[in-house]
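Every chain is named by a letter (A, B, C, D, E and F) in the order it is written, and numbering of its residues begins at 1.
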Amino acid sequence: MILRIDRLGAELPPPSDPDPEGANAVQELMGGRFGEMSTLMNYTFQSFNFRGRQSVRPFYDLIANIAAEEYGHIELVAAAINTMLTGASPAANGKPPGDALAAMKGRGNPQHFIAGGQGALCQDSNGKPWTGDYVFSSGDLVEDLTHNFFLETGARNNKLKVYEMVDHPAARALTGYLLVRGGVHQIAYARAVELLTGADLTSMFPTPRIPTDKIPESQKHIDKGLHKILYRFSPDDYNELTAVFRGPHPETGEELEVQDGPPEGALPRDLPPQPAVFAPDYAPEEIAEIAQRLRKHAGLPDQPTAAVANGGESAADKAAR
Amino acid sequence: MILRIDRLGAELPPPSDPDPEGANAVQELMGGRFGEMSTLMNYTFQSFNFRGRQSVRPFYDLIANIAAEEYGHIELVAAAINTMLTGASPAANGKPPGDALAAMKGRGNPQHFIAGGQGALCQDSNGKPWTGDYVFSSGDLVEDLTHNFFLETGARNNKLKVYEMVDHPAARALTGYLLVRGGVHQIAYARAVELLTGADLTSMFPTPRIPTDKIPESQKHIDKGLHKILYRFSPDDYNELTAVFRGPHPETGEELEVQDGPPEGALPRDLPPQPAVFAPDYAPEEIAEIAQRLRKHAGLPDQPTAAVANGGESAADKAAR
Amino acid sequence: MILRIDRLGAELPPPSDPDPEGANAVQELMGGRFGEMSTLMNYTFQSFNFRGRQSVRPFYDLIANIAAEEYGHIELVAAAINTMLTGASPAANGKPPGDALAAMKGRGNPQHFIAGGQGALCQDSNGKPWTGDYVFSSGDLVEDLTHNFFLETGARNNKLKVYEMVDHPAARALTGYLLVRGGVHQIAYARAVELLTGADLTSMFPTPRIPTDKIPESQKHIDKGLHKILYRFSPDDYNELTAVFRGPHPETGEELEVQDGPPEGALPRDLPPQPAVFAPDYAPEEIAEIAQRLRKHAGLPDQPTAAVANGGESAADKAAR
Amino acid sequence: MILRIDRLGAELPPPSDPDPEGANAVQELMGGRFGEMSTLMNYTFQSFNFRGRQSVRPFYDLIANIAAEEYGHIELVAAAINTMLTGASPAANGKPPGDALAAMKGRGNPQHFIAGGQGALCQDSNGKPWTGDYVFSSGDLVEDLTHNFFLETGARNNKLKVYEMVDHPAARALTGYLLVRGGVHQIAYARAVELLTGADLTSMFPTPRIPTDKIPESQKHIDKGLHKILYRFSPDDYNELTAVFRGPHPETGEELEVQDGPPEGALPRDLPPQPAVFAPDYAPEEIAEIAQRLRKHAGLPDQPTAAVANGGESAADKAAR
Amino acid sequence: MILRIDRLGAELPPPSDPDPEGANAVQELMGGRFGEMSTLMNYTFQSFNFRGRQSVRPFYDLIANIAAEEYGHIELVAAAINTMLTGASPAANGKPPGDALAAMKGRGNPQHFIAGGQGALCQDSNGKPWTGDYVFSSGDLVEDLTHNFFLETGARNNKLKVYEMVDHPAARALTGYLLVRGGVHQIAYARAVELLTGADLTSMFPTPRIPTDKIPESQKHIDKGLHKILYRFSPDDYNELTAVFRGPHPETGEELEVQDGPPEGALPRDLPPQPAVFAPDYAPEEIAEIAQRLRKHAGLPDQPTAAVANGGESAADKAAR
Amino acid sequence: MILRIDRLGAELPPPSDPDPEGANAVQELMGGRFGEMSTLMNYTFQSFNFRGRQSVRPFYDLIANIAAEEYGHIELVAAAINTMLTGASPAANGKPPGDALAAMKGRGNPQHFIAGGQGALCQDSNGKPWTGDYVFSSGDLVEDLTHNFFLETGARNNKLKVYEMVDHPAARALTGYLLVRGGVHQIAYARAVELLTGADLTSMFPTPRIPTDKIPESQKHIDKGLHKILYRFSPDDYNELTAVFRGPHPETGEELEVQDGPPEGALPRDLPPQPAVFAPDYAPEEIAEIAQRLRKHAGLPDQPTAAVANGGESAADKAAR
C-alpha cells in the first residue's frame, strides 16, 4: 500500500509562455520506453514479484523503495507538461463557440487539446501510448538489476536530449532534477550488481559521458547533496537499503547516504482553469460554488484546507498560526 | 510523492495447488481495460492534470486519494497471481538441464514462465499488454467522474466473472476483497456526480445487479464495514473527502464514513524461490549468502528487519519485545 | 447512409453443444487481417475516399455495394460466435456466487467470458484486436482493386481453414455461406482489374485451388445460384454494377448476374440469456418487466413487434393475418 | 444486413483552401477512442451480441438503430477530411516526376499523402489506428447503456474541441451537425438508463456544459428539429424505439420524436481527382474512357446514372423529367 | 545464413542541408506497411516456411533470393535517413549543457533525436513501429506470390509519393534506385504468378501508371540495365531463378536477365559524429583513442582496414598498392 | 548488402511427433522482446546508424558482424517451428472438405494453422507480433553495447526456459545451439564494454547462473569450440573484430578466437507439403509439374540443382562426381 503526499519532489516554475511542442517532447520522459512510467512500473512489478525476499532483503528493499520514488517522478513530469500547456488556449472567453484552439492546430500533440484538457497523456513524444510491454520482471535478481541499470542509462540519455531540445523553464527544472535523481538510481543499481557479481559497473559513470554537474539546472540539487542520497520513501519499511547503497559515489568519491523519509520537496501549483478545453469545466465558477456549499455542509472551512504553491495560505496553515 | 508501506490491503491464503490457467484469468484484473492498472492510472493522471483544484478541492482530494488506494490493488492482484503460480515448477532440482516446465506447456500464459519468473505480468488475460490508451483524463471534472463511475462498473463486472471462473483460494480472497473496495469507489464517484449534477447514479446500485453481500468471500470485509469506509491514504493531505463521500450507502442506507489512514491490511507472504525459472536465482542460496554478508557489513541484524506473514518474527519485532 | 434490416444473410442452426475453442477460431473471420471487419472497412473507406467517381462510376458502385454486403458478413460471423458460446455457462442458477464459469477456465478466449457476455469480440483468433492498420485505401483505383482481389483470396484461405478446424454446425453453416459469397467478391474484383488493365486474374480461380462446390455446406447456396449473383444492396443506388460484374463465371462459365435488393436471408435467432455473465442482466426477468411496461406505455402491443427465427410469430405477423 | 443509400446525412461545403493540419485534427473524430468508428462499432457489436432481445426489444431496437445512424457519421467525417485535403497537391501536372507533395512535407499526417490518396484514414489525430479494443460489449444491458452514454459524452467533448481548433468550413459543417446528432444519441442512452434504473442522467445535460444551440453551425439543424428526432434507419424494423425515446428533451423540454426513415440528407460531392497521388489514377482520363466503354457495353446511358451535388443532373434525373 | 558485405546497393550523396521532416517521410519506406522492412521480412519468412521446396525450387529460389536483396534496401533507406539527419544538430560544441536540439523541437519525428542518435528508426512516417503483423506467409505458393506482387505495387506507390514529397538529394537518390529495383521484383512476382496460373499480371505494368523511366533519378540505373536484371545474391545457391525470371520485360520488351552476384554498389559513407546526441559518444575522440590502442594491440594497422566513400584509402587499399 | 547461403547454422532433427504447443513456446525465441528478431534487428539498425565508424571500427565491425549471424538464428528458429508443426495436419487426404485441422482446435497458436501454412510467424508465444519498438539504437556506443549485453542476457534466460518447457527434439537441438552461440555474443558485448569503460562485465558470467556446459544438447557444440569462436560472416569485411573479441573466455579461460567465414552448418531439410493448409498448394503435384516444365525450358537439369538434408544428392552434387 502507499500513502500519498500532496507535494512535488522539486519546485517547478510557474506557467510562462506556453510551449506545446516542448510539452510534446517532454512526453517522452513520461510514456517513452525509457520514461518515468517505465522506471515506475518496472521496479514496482519487480518488487511485487520478488521471491525469497527475506533471504536477500537488502535488494528487495532497494528495488521496492526506488519504485516509490518513481511515482513522484511521473508526478513531476506531468506537472511540467501541465505547466507548459497552460495558457496555450486563452483563459478568458476561450470557450466555444469560438476558435480558441486554432493556434494549436498542427502544433505538438493534438490529443493534448482534443482528448485531454491541456494535460499530460500516458504517451511518448510520438503520441504512442505507454505499454506494459516495457515492463521487465524476470524474477532473476541479477538480471533484473542489470536491466534496471540499463534502463536508468537509457533514461539519462533521453533526459539529456530533452534538456537540449526544450529550454522552457519548466522543462529545464524538470530535467535538471531528474538527471540528479535518476543518477542516484543508476548508481544504486550498479552498486547492487557489483555487490552480487563483482562486476564494477560504476566504472561506466557517467554514462552518457557528460557529468551531471555540468548541467546548470542540476547544480542546485547537487549542492544540496541530492546526487548521493537515497531517500527511504516509507514510514517504517525498506530499512535494509543501507546494506547496498553504500560506498563511494562513482564520480565524486563522496560516501553514499540513505536518508529516512522523502525529500522536503515543494508544494504543487494550482494551475489555472482552461475553459476552452473545459478543464475543470466550461464554467468553472459554477462547480466552484457547488464545492463551496459542500465544504460548508461538511463543516470544512471556507478556504481550502490544503496549501498550494501559488495559493497563499491554506486554511490549515492559517489555523495553525 | 508517495510513501510505501510493505503491507497488503488484505490477507491472501498461502500457496496451495498451482493454477496457471486461473492466474491467467486473474491477469484481466491487472492489465485488462477494466483492471487495476486502469483504475490506478486513470485516477493518478486525473489528479496530476487537475486544474483549479483549490476551487473544487473536495473533488480533487477524492480522485487523488482513491488513486492512492488503487496502488494497493495492483499490489494485491500481483500477490494473488504470484501465489497461484507458486509450485507450478518443481522447487527442488527444478533447474535446467531438465524439463521442469514441461507440465506448463500449453497451459495459461506462456510468458508467465518464459519471460517472467512465475510472476505477474502487465498484461490482460489474452496476454495483451496494458496500454496508456486506457487512461482517460479529459480535465472536465464531471466527465472524468462519469468515466470513473463507468470504469468501476466495468471493473466490478470483470471481478465477478473472474470470481465465477477461478475458485483458487487466492483468487477468491482477491476478488472478494476487490469487490467490496471497488464498490466503495463506485459509490464515491456516483455520489460525486450526483453532487455536481443532480443525477442520482446511486439508484443504479448494485451494478451488475448482484449485491456484493451475496459473495461469501466479501462477507467478512462487509462485516468489518469496509463497504462504507473510504480510507484517507495520506499522512496529512486529502482532508476534504468528507465533503463528497457522505450520505447513505446506496444499498444498505448506512452512513458513509471517511477514515484516516490506510486499513491495517496484512503482512505479505514471502513466496518461495522457483529455481526452475531462476527466481530469484538459479542458486538462491548463493545470493542469500552475499546478502547476509552485506547485512553484517552494514551493521544490520542477522535476521531480516522486516516481518512477513510466513516468516516468524522480524528482527524488529524481536527487538521490540 | 444505411438502412438496417433485421435479418441475417443466411440461416444458422440453433445453439447446440457449446464450443468455446471453436468460437475462438471463428474470431479470425471477424477480426483477423483477412476477416470480415477487414473486408467491410477496406471497401467502405475506399468508397468514402473515391475521387472522380462520376467518371468511373461502375467501379465506384462496385466497391460501395460490396462494402454494403460485408456489413451482413460481420453480422453473420458474430451470430455464429454467439451461437457457439451459448450454453457454455449454465443458464439456470448460473450466477455468482458460484463457479458457473469454472469449466471455461483455460478454454478458448477468456475475454469471451470475462470482458464480454459470451459474445463476439472485435479480435482475431489470438485475442488481438482488429486494427485500422488493416485498411488499405490508396485512392489508386487499379491498386485498390488489386488489393481487394488479394484480400478476398486471403479471406477465402482463412475460411477454408476455419472450416477444416471447426465442425460445429454454426461454424460450418457460416463458412459454407461465406465461401460462396466471398467467392463472388473475388470474381468481381478480378473482373474489375481485368476490365481496367487486361490482366486476366480470373484464370487464377479457384484460389486456394479447391473448388467451392466441393464444400457440402456451400452446395445449397450454389444450387440457388448465389455463386454467380451480386446483390445490389441499395434501394436506388449503385446501378452501374452491371457494367463490371458481367461475363462468364471463371469456374462454371455461367453468366454473372446482378440482382436488385438483398437476398431474402433469414430471421435471426433470439439467443437465450446467459445470466452467469449478466447477459442481458443478472436477473433478466426484471428488465423484461420494465420493457413490457414501456411497451404498454408507448402503445405497442404486448408481444414484440419483430419476429425472430425461434420466436413464433411477431405481433406484426399476427396482425397481418 | 444493410441497404446503402448514396447520400450524406448533411451537406458539406465544396473544397476550398486545403487544410492538412485541420484534416489531421478531424481524424480524431474518425479513429479516436471517442470517434465515430467507436460509436459505430460499439453499438453494432452490442446489437449483434444482444441476448434475450425479444424480452427487452425496445432497448435492442434503440441500440441497433443508433448503430445504423453511426455508419452515416463515419461517412460524413470521411467526406469532410477528403474535402479538406482536396487541392493540397496541385491538380494539374501534379504528377511525378515533380515535387507536387513538397509543400505537404512536415504538415499534418504524412500518410494522408504517402499511404493514402489524400483521403481519410482509419486513424486518430496522432496517426494511431483505430482498434477493436475500443469496442465495449459486455452483454449487460444497463452497463452497455451506461457505457454508451459515457461514450457519447466523450465524443461530444472531442467534437467541441475540434470545432474550436479547426475553422475550415467543412470541419465546421461537420462538427455542427455531429454535435446535434450525437446529442440526440446522448439523450437516448441517458433516457434508456433512466427507464431501466431510475437514475436521472438527463440532469447532466448538457455535458460538456455548453448548450449546443450556442454553436452557430448547429443552429440550422436545431431549427429543423434535428436535436429531438431519432430517425428509424430501417425499412421495416426497429419499431419499438418509441418505447424508450420519449418524454421531454432534457434541455428544451420539447417532446422527443421518432421519425421513420433516414433524414433527407444531401447528395455527396464528387471530389476531383488528385493525380499527384494517383487518385483515382495517374492518368484519370484513361480509366474514364474505359468506364465509358463499359457503360455503353452494358446498355447504360452515357451519363452517370447517379447524381452528385456538384454534378448537374444524373441520367436518372434527366430521364425522370 | 548470410554473409554481409559492407557496401551499399547504390551511391548516396554526402550530407547536405539537413531535412528532418524529409527524413520522417522517408521512414515510411523503412517501417511502413509497404516499406522495405515489410518486403524483407515477408520474403524472408516465406522462404523459411517454404514446404516442398525441391519440387518447385525455381519459385523457392526466387523468393529466397529477392529476400536477400531486400536486406540491402533497408540498409539503403537507413543510410538515406542518416544522411538527411546529419547536421541537424551542430557538430561542434553541440553538447549539453546547451540547446543544441532546440531547432529540432516540433520538427519531424522527435524520437530521431531523443530516442535515437539522429539515426533511422524501425518506424513508419507516423512514428508507428513496424510490426510482425505485416508479414504474410500463408504457405500457399500462388497466394504468397500474389501477395508479393501486390506488396511491391504498394511499395512502388509509396516510393513515388516520397519522391514527390522530399527533394533532398539523398531521398531522391534513394527513391530513384528503389523504384528501379522494386520494379524488377514486381515483374518477377508477376511473372511467377503468370507461369503458375496463366494470369497475365504483366499487362498491369506500370502500376501506378507512371513509367519509371520518367523519373530522372531512376534513369542512370535504367541506363545500366538495372531494370531488367535480377541479381543472384548468393555465392552458390538459388540457381534456378532463371526458370522463372525470363521472357520479355513488360514495359520495354527487353529480355529479362539473371546475373550472378550482387551489384557492384558503392562504398558507404562514414557519417560524422553528432556529439549533441552522443553519437557515437559525448566525446568521440576518447573512444577513438581506445579503439586505436586496441587496434595496435591486435596487430592491426593504424588506419582502419576498411574503406569508406568519404574516407580516402583504407589501410587495405594502401597496402594493396 | 548480403549474400545468402542456403544452409542452416546447425543441424535439426527430422520431423517427428508434431508439437503445436511446443512450437508456440518456441515462437518466444522468434518474436519475443528477447527473441532472435530482436537481436537481429537491434544489431542491424545499430550498424546502419553507426556514426564515426572509421574512428572506432573494431566496434562497428563487431556489431555489424554479429548482426549477420543473427539472420541465421531467425532462420534456425523458423526451421525448428516448421519441423514441430509438420504432421500436425494429416499429409494424405488432408484437404477440405474435411476436418483435417480439428485436432488442432484449441491447441497452440491458432494462426499457425489458419493464417499460416503450419509455419513460423513473426510473433511471440502470446501471438503478439514482433514490433520495431524492440529496436534500441541510441547511437551512443557504450550505451548500445550495454543494451546488447543485457539483450543477450534476457535472450539466454528465455532460451533456457524454452529448453525446460519443450523437449521436442527440434526444440532441444535449437536451444542447445542458440545457448552456445548467444553465449558468444554475450561475451563479445561484455568484452567490448570492458574495453571501453573498464567495467568487468565478464565477472557476471554465466548469467543466468547455470553454465552452458550443463546442457547436454549444447555439449557437442562446445566440444567443437563453438563457445569461444566468433565467425566473421563476410567475404572480405569486418576484419577488425580481432581487436575486441580477444582475451580469455570468462568461464573457461580459453582464448577467444575469430574465425573467417561462417560455420559449416547443415543442409536444410525440405519439409513435406501439408495440403490441409495448402502449403505449398492444395494439389502440390500440379505446381510441381509446372516447375518441372519451367526447369526444362530454362535448360536446368531435371533434378533440383540444390541439395537438401533429406533429399539425396542434388543435381549439382551428382554432376560433381
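Keep this in mind: a contact is a pair of C-beta atoms (placed from the backbone, for glycine too) under 8 Å apart; a residue touches a chain by one contact, two chains touch by 3 or more.
Nothing here was measured: the structure is a model prediction, and the numbers come from that model.
Engineer: Which chains are in contact with both chain B and chain E?
Structural biologist: A, C, D, F
Engineer: Check every other chain and keep only those touching both chain C and chain D; list them.
Structural biologist: For chain C paired with chain D, the chains in contact with each are B, E, in label order.
Engineer: Can you tell me which pair among C-D, A-E or D-E shares over half of its residue-numbered contact pairs with A-B?
Structural biologist: Match found for A-B within C-D, A-E or D-E: C-D.
Engineer: Is it true that over half of the residue numbers where chain D touches chain E are used by both copies, so same, or is it different?
Structural biologist: Both copies touch with mostly different residues.
Engineer: Measuring from the mean C-alpha position of chain C to the mean C-alpha position of chain F, what distance in angstrom results?
Structural biologist: Roughly 40 Å, centre to centre.
Engineer: Going by the touch rule set out above, which residues of chain B reach two or more other chains?
Structural biologist: Chain B, residues with two or more chain partners: 33, 115, 123, 126-129, 131, 133, 138, 140, 142-143, 157, 208-209, 277-278, 281-282.
Engineer: Please list each pair of chains that are touching.
Structural biologist: Every pair of chains meeting the touch criterion: A-B, A-D, A-E, A-F, B-C, B-D, B-F, C-D, C-E, C-F, D-E, E-F.
Engineer: Under the stated contact criterion, what part of chain F meets chain E in this complex?
Structural biologist: 1-9, 31, 37, 41, 44-45, 48-59, 61, 64-65, 67-69, 71-72, 74-75, 78-79, 82, 115-123, 129-133, 135, 137-143, 195-196, 233-240, 242-244, 246, 261-263, 265, 270-274, 277-282, 284, 287-288, 290-291, 294-295, 297-300, 304-306, 308, 311, 316
Engineer: So in the complex, the part of chain B that touches chain C is made up of which residues?
Structural biologist: So the residues of chain B in touch with chain C come to 21-22, 24-25, 28, 32-34, 107-108, 124-128, 157-158, 160-167, 208-210, 214-216.
Engineer: Where on chain B does chain D make contact in their complex?
Structural biologist: Counting only chain B, the residues touching chain D are 33, 128, 131, 133, 136, 138, 140, 142-143, 146-147, 149-150, 153-154, 157, 193, 197-204, 207-209.
Engineer: Could you list, by residue number, the parts of chain B that touch chain F in their complex?
Structural biologist: Residues of chain B touching chain F: 89, 95-102, 104-106, 109-111, 113-115, 123, 126-129, 276-278, 281-283, 286.
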